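Can you keep this structure in mind? I'll have questions shortly.
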């Protein structure tokens, strides 16, 4: 299957890419990893007149930790997280888990985290992780760059806070404290599939062993990734007991509002939301040395 | 548009439409038909080639324009001086192929895998090959082959 | 795939004005969100090219419209078909037009979209959002344009 | 002349495959790798509607697309007398391009020819088709009611295609009525698709003399040649069909598809070669699907478990055309093997097939014509019976097996099973898997509330169609053929009417010839797939290559040996009767020191034949006296996650008996592959249609082919019961694992769920289905 014809522009710098976007407006699409866009173009569901390829822009492929933030540029690949030297640290366990189940291992060589956020598939993985970790996205607009908290970034299915002519240039994850661990629990029909359901969980413990902070988010549970703030509130300040975990899982199951599709029924997916949050919490806590 | 891509060490400069997928550039413009097309959705991995020496990519989900100025390795470049690459030899020894259609992609994914993980466990091989489908072998022998090749390569690395 | 939507609009215009507007294909065509071009074929048929932009699905798509006004002036039905490249999207929308008092008119509308072919198989989740937008926004635009007068 | 090496046997040797070096180096030659000067590309316009009248087709915009050369429609083809093409078993015909109306979603509506792949796609997009939707029938049980007539073109004004039955209906009913125990279950084998990784495709070209060369992904090139003659009227001598390397077939590449006819028409009309390569979407939505049998299974038994009767009534969904690639007299294929490995005194099986607004097919997906459906039905049925009787499913099977001393065994449904030793195969399986230890573990787990299941399938297959008195396709008897030429220096070439799609014929055929003639298999070249050079054969599907063509090759080699014997006698200056073939060479009887090798004889055949006819070659057409009946005992061990419904296949053991093994490496590879497809069918692969006739599994994101991570690790073993009627005792193996394994998987899952009283779940067994079965079960049992 062959895409409809288009004009190709390879941007030399972020400034260049942005200027082209501004010039071309709605006719142009940014090409990052292309792992969702190119198949859509092959089916001719997507038929942009111009592609602005940002893959060669060095400044957008950066991955770095500074000022308490992990910053990933717009063309930082999924696989870069899997291979990052710090990924084995406990505090990054949520990112670690997720990086191994996004798409398939070859697609991860090209796919990008920021691209996945911008695509905002309701069953995406990175959007869910970004919610649980309270990430923010750097969006370049006419008035310069601004930072958008992930909860505001994810607007609706396939719709984000990136407006026409704008581009997302990076995502920033706060560097979690030492007593933080996470877990990504995904049920998929096979490798490469979008989630039937998935839960991203991140927990920070206080000195006294209570939960200081928790991030809980679900994939495939609504128009886009869903934060289970009810579960987060339930957990905060509590000792991580089985009962508390059950409560959080129940809140997740209740909050989940999935669509029935080939991956499963609504009842099944709602059940999974609870099961996966529960498993995620238990695994995250186990990583912190707490058996629950 | 004009693109220049070094394929298996040989520069190929061609005029192509921007919509030319890398796989069709290789197959139809370079005449290298070892890289195959098995699906429309970036699912099957028959088209996997290696970019810049160590990155396995699905060449049906990348435009030739994106590879302009870069190096691509395909299955045709694996054997050197008439000798099969240890991966090819191991696939042969272990009956790691039947119809042969997925084989080039399997080999190239494995090639990149061994660059990153020279001594993968059986589970790691299964995980890393999960972007490549095979309908014939049931994967057992492919996994065996990759591990045999890993051993061979660790004992006597191929300079490439 | 089969998707259903419904809603209601209260328009600050009397029923006669509303009816006049929504039986005019050119006028209705201009209510379609992101419309680029309207070509009226006859009193009840027109083609519209609209810009679609949800997620990866982006571009100008052509839709064929048929207006089916009810004889009593209380109901307007609309058939919309689009597609191409082996796909078909058939939308039907209907609105009951009633006097809401105080010079206002109520449009109670419902619609459904049926998508077939690759667009449904590959772009189903995107399509849902788009079809909903197309139908609901069209009626919202009807309200807005009439209420502005 | 001298002998380089002592001749030795080649049978049973795990020889590495001869074809591999080219595949490993990207030098395979698949149809899409071909390119010819001036070649055009074809793209097909398809219907988004499952059932609709075609109001108008407007190709004018397409013709304005740069590079587009022509657009053809069903009307054009009908005018040329090419509107319809016969389906293989002759019960129906199929539209090439839709005429008047479309009958399934993604049906072929128009073909566009252009200078490039991209231009063809642009052209196809620009063709405007106006449809008027018609009511859709997407369910065979709705089709049965005949409220909407789908095929007014047919004489019979009904959606019913055929009724087929075998066995004694009355006696079966009586026996069921008298049985102490009767189980009844509706078992659906859902629609799935072989989905070989290489999609279907072709290149059609006419030379200046008007001769057609047709490269095509065909499992049966000779049958294609004849079919093309029947459809187009081009004389058969003016057609050369070549199947190049094929990237997997599994039955998908047996039928002749509309795209092929369009490509030939385009090449003729435009005077240039035309290539058509379907996309994955086209492959999954329009080419031959498999299964879609709704089977009502009833088994009668005595209280001690002895089976007394079997009745199976099937509703088959064939889609818009009856394109099932079955032999003419067998519209339901070999479904009569449904009595399986068991001694049913009476049985009755019937199949009623219906048209629906779905893609046509019903092909034998890694299956010898409906054997997979039959095997699944009986192996599920036996488990349900065991469950209801409170018996160990292993004991129930053992009790009812056909005994070794009963072969040849005449089944209640008319087959004569050639040979087998079911008890031994099962015993090997039980021992290797450690059945007793597994039972103990299962009991312990159940006590803890964990769900573990053990599932068996002890199937019998029927392959190698087939004896000419019963089997034909388009009237052509289902023999196969081989031609062998031995060259002066002791190498040779064998040509066969089969076509490997990964089965390794280039190696195994060479091994058969080498074994029979004492030659080096490395120097026996195998050529298949070119109708100009190979003798007429019916092709490779239904595990028939080894049973039929393999026999033909062995027999041809023996003909050569007989001719060589005369030359050997001449060389050794003795009478022909004094020469015996021993230790892979000719010896003078009782004088082992006096011998000549085949290599020496071959040289003499060209240089010093004496009074004998020079040269050394033979052709053999082989009409098998019977089918062969491979069997096996499979065990699956699964763990089920009760919260997510996830099924983990912890172990799977396949003990196969395919008779004589030619190459154990290849046999094991076939078993691994077949098991993986069986696994896929049991848990993942399905072509679903919604009630509106929309195909829901149109590409690899929703038609789920397992990866290395989902696929279990396979354990294999074998027993050998040679076929008494096959020249080398081989039975064929490619399909056994796909035929036998689905029931083992499902039986294991149902066993795991037995604490909940779950009796049956239709495939594919998804997590959602498992979870719901547990949820909806009797809470007291859980």
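Lettered A, B, C and D in written order, each chain numbered from 1.
Throughout what follows, contacts are C-beta pairs under 8 Å (C-beta built on N, C-alpha and C of every residue); 3 or more make two chains touch, one makes a residue touch a chain.
In this text the structure is predicted, and so the values were computed from the model without any measurement.
Looking at A-B alongside A-D, one finds more C-beta pairs in contact between the chains of A-B.
Centre to centre, using the average C-alpha position, chain B and chain D are separated by 30 Å. Centroids of chain A and chain D (each the mean of its C-alpha atoms) stand 44 Å apart.
Annotation: 49 Å between the Cα-based centres of chain B and chain C.
Counting partners per residue, chain C has 85, 118, 122 as the residues that reach two or more other chains.
Those residues of chain B in touch with two or more other chains are numbered 17, 19, 40-41, 43, 127, 129-132. In chain A, the residues touching two or more other chains are 1-2, 4-5, 39, 41, 43-44, 104, 191-192.
This structure has the following touching chain pairs: A-B, A-C, A-D, B-D, C-D. Taken together, the chain C residues at the contact with chain D in this complex read 1-2, 83-88, 90, 114, 116-118, 120-122.
The part of chain D that touches chain A in the complex is made up of residues 117-118, 121-122, 125, 279, 281, 643-646, 684, 688, 696-697, 701-702, 704-707, 709-710, 766-768, 771-772, 775. Chain B makes touch with chain D in their complex at residues 17, 19, 24, 27-28, 32-41, 43-44, 46, 74-76, 78-79, 84, 88, 91-93, 95, 97-104, 107, 125-127, 129-143. Chain contact summary for the complex, chain A toward chain D: residues 1-2, 4-5, 44, 104, 187, 189-193, 196, 262-265, 267-268, 271-272, 275. Those residues of chain A whose C-beta lies close enough to touch chain C in the complex are 26, 29, 36-37, 39-41, 43-49, 119-122, 156-159, 223, 259, 261.
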